[in-house]
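We call the chains A, B, C, D, E and F, going by the order they appear; numbering starts again at 1 in every chain.
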Amino acid sequence: MATVPLITDEMAGAEVLAVFDDIRATRGTDFINNFWRALAHDPAQLRRTWEEVKQVMGAPGALDPLTREMIYIAVSTANACAYCVHSHTAAARGKGMTDAQHAELVSIIALAGKTNHLANALQIPVDPEFDPSGSIRSTN
Amino acid sequence: MATVPLITDEMAGAEVLAVFDDIRATRGTDFINNFWRALAHDPAQLRRTWEEVKQVMGAPGALDPLTREMIYIAVSTANACAYCVHSHTAAARGKGMTDAQHAELVSIIALAGKTNHLANALQIPVDPEFDPSGSIRSTN
Amino acid sequence: MATVPLITDEMAGAEVLAVFDDIRATRGTDFINNFWRALAHDPAQLRRTWEEVKQVMGAPGALDPLTREMIYIAVSTANACAYCVHSHTAAARGKGMTDAQHAELVSIIALAGKTNHLANALQIPVDPEFDPSGSIRSTN
Amino acid sequence: MATVPLITDEMAGAEVLAVFDDIRATRGTDFINNFWRALAHDPAQLRRTWEEVKQVMGAPGALDPLTREMIYIAVSTANACAYCVHSHTAAARGKGMTDAQHAELVSIIALAGKTNHLANALQIPVDPEFDPSGSIRSTN
Amino acid sequence: MATVPLITDEMAGAEVLAVFDDIRATRGTDFINNFWRALAHDPAQLRRTWEEVKQVMGAPGALDPLTREMIYIAVSTANACAYCVHSHTAAARGKGMTDAQHAELVSIIALAGKTNHLANALQIPVDPEFDPSGSIRSTN
Amino acid sequence: MATVPLITDEMAGAEVLAVFDDIRATRGTDFINNFWRALAHDPAQLRRTWEEVKQVMGAPGALDPLTREMIYIAVSTANACAYCVHSHTAAARGKGMTDAQHAELVSIIALAGKTNHLANALQIPVDPEFDPSGSIRSTN
């Protein structure tokens, strides 16, 4: 059970329906998953989050769509977000993730989980060699 | 300060030196970062972890080396491991990560952090549509 | 399923029943939620935790009861504690949290989740301007 | 050290300076803290995050500004984000948080941290009484 | 539902069956729990993880088997891993953990959860007295 | 820098000094570490936390003092609490933890970190065999 109602199309007002329509048009499917139906309890949050997802995950850029989904799965796993692991694993498969890519992704997540705990248990000091300030140019 | 001594080459025994040599040969550099010097307080852990890193991060496979590093950064950020964020951001840059790729990576991590919190605050139920059991073949 | 039995009134000994009675009297309801029934497997832990909850969440002080519940939800969301998000969202509603307040609470939690990940990914150094030592007086 | 350069006013391009100007005008101070200087390595992220902060933390609404900051501190503590704890504790003080309010806030965060671990260790099942679906009206 | 299929004995190839056989022989039971059936989607990960579990949790050493399981439960609780809390609580009981030991374990986990949040909320500086570098001898 | 002042003996009022005295008497040392000096900004929190630490970590029971400290380190590592990892590693050493025990502790923490991430990435369903309800007697 959710802590807010899941908004069906019938319950939705005009502002929510407009976002639902854009999700459907952008993704080329009628399916609206529960994440958006839950967010719809707050139309401003729904719109803001969808706009950010559309831009960060969908706009052309330096990373391909599947790589973006795998990074999303990695964060969601470390944060123990069951919903997000499920939804983004499904999304990654929809964008072509093979079983072999998934297995490698999971191996890296597991190894990072392990070495994160090692570094935190041992409180290892950061090597000065990692300082990027000498080699990175100013930006914008 | 670390909770264990950082093992210099001078302090290291034969088993540790053998791993240090393999790290140097594999990476083509004399530099051994503090992570390995701290792990060296337990030679068996040092060897086991290095073997796993070499295999998971270095063996040919379905994901390219830079993608692997970006996934590592994603997990390390969510786990608040400062050492790991620094070391793998430096590694990713060493493998060609551009400023634009880094900026996109950080944007995805931040967005996932946000939506992970949304899904957990709202306790959104997983859509049955995400169940892979209908579409995934048995493996081995 | 829990990792310990949930103690019903019938199973409970005198020490547990005394705490259950105090919970009922303090809250003005017969309902004892599962958290206390699980803690009752360890009567000392049950008493200690209930005393702390009664004091921290219930005693008159500088923060009103609803604000306290919203802070509780914020921590529980970040820690991915499903039980705690549910129980304290229900408690907050019982103390008058409106849908608008809940939506704002969730927006802040989500934004903090996002910027926490940004700060950790970028390893931003703390500004010396944040040091309170110049402006805070000694206490007690 | 950060993983990206901190953008000074001298390094900043027009898009970054426009956001810096808005931060200064909104807050009534010349001080730009490191969070924004680090985000400025990605002008689109800088603008998007600042717009969200301005709206979620600053727009009139159902929660007062100090309550919002305390919720922010709660999330940041649970996520172990040192920068965010410092910056939002300073912000909360700037908005009038007293020592007594801070002490109560910390007590609630600590208690929630404790009971989150209790609920996760005992895997306590959510009481059906917490289901809001009977009592919450549809939204929008 | 899992994000990968759970591999039954009938679905398993020779490499997976060999690990399953070793698990059965090592544990003296026919039961293979879901963790290994899920990992079996990636035979290399299955073998690597089982070898590490067998060594770290099973090899003779400085800590007894029950203490090892309790440490495992502690980490799994803090990481909000429901599966791991369940499986290792069952394993600890199988290795003789009494109700009294479990209650003390949970009390320590809860207290640590509390003081971890206190230390992070207050950003307490590490005492120089904790530096082990003066008193620890070099290793290996 | 901390977000609250560290209370020296000179700054402390009678209530704080009474707790400091009890810490010194219980531990047989004059040293008061920063954790208690920071908590002292809130004398009620200082007393409540010290009483709980004294009882949970110090009272005779089913677990020996060193095992308790190792469990504490495990939780603190997973929660990325640098202060707590340092203070409890020092405490464990003070209670006799050998280098070999520390190395095993760290190995278990690292392995648990890894398998926690595996279980969360794969969303493995809990085996019904782990349900303790058939075998655990009622308590109190």
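Here is the rule we go by: a residue touches a chain if its C-beta (ideal position, glycine included) is under 8 Å from a C-beta of that chain, and two chains touch if they have at least 3 such contacts.
As the structure is a prediction and not an experimental result, all values here were calculated from the model.
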Of all chains present, which has the mean Cα position farthest from that of subunit B?
C
Considering only mean CA positions as chain centres, point out the chain farthest from subunit A.
F
Where the CA atoms of subunit A average out and where those of subunit B average out, how many Å apart are those spots?
19
Using Cα averages as centroids, what's the distance between subunit D and subunit F in whole Å?
28
Residue numbers of subunit B (touch at least two other chains)
1-4, 41-42, 45, 49, 52, 75, 77-82, 85-86, 89, 99, 103, 105-107, 109-118, 120-123, 126, 130, 132, 136, 139
Among line, ring, star, complete and other, which one matches the pattern of chain touches?
complete
If we count contacts the way the header does, which residues on subunit F are in touch with subunit A in the complex?
73, 77-78, 80, 82, 85-86, 105-106, 109-118, 120-123
What residues on subunit B touch subunit A, complex-wise?
1-4, 6, 31, 33-35, 38-39, 41, 45, 49, 52-53, 56-57, 61-63, 67-68, 70-72, 74-79, 81-84, 86-87, 89-90, 93, 98-101, 103-105, 107-109, 111-116, 118-127, 129-130, 132, 135-136, 139
Touching residues (chain side subunit F, partner subunit B) in the complex:
80, 85-86, 89, 99, 102-103, 106-107, 110, 117
Complex contacts: residues of subunit B adjacent to subunit F
1, 3-4, 41-42, 44-45, 49, 75, 79-81
In the complex, subunit C touches subunit F at residues 1-5, 7, 11-13, 15-16, 40-43, 48, 52, 55, 126, 130-133, 136-140
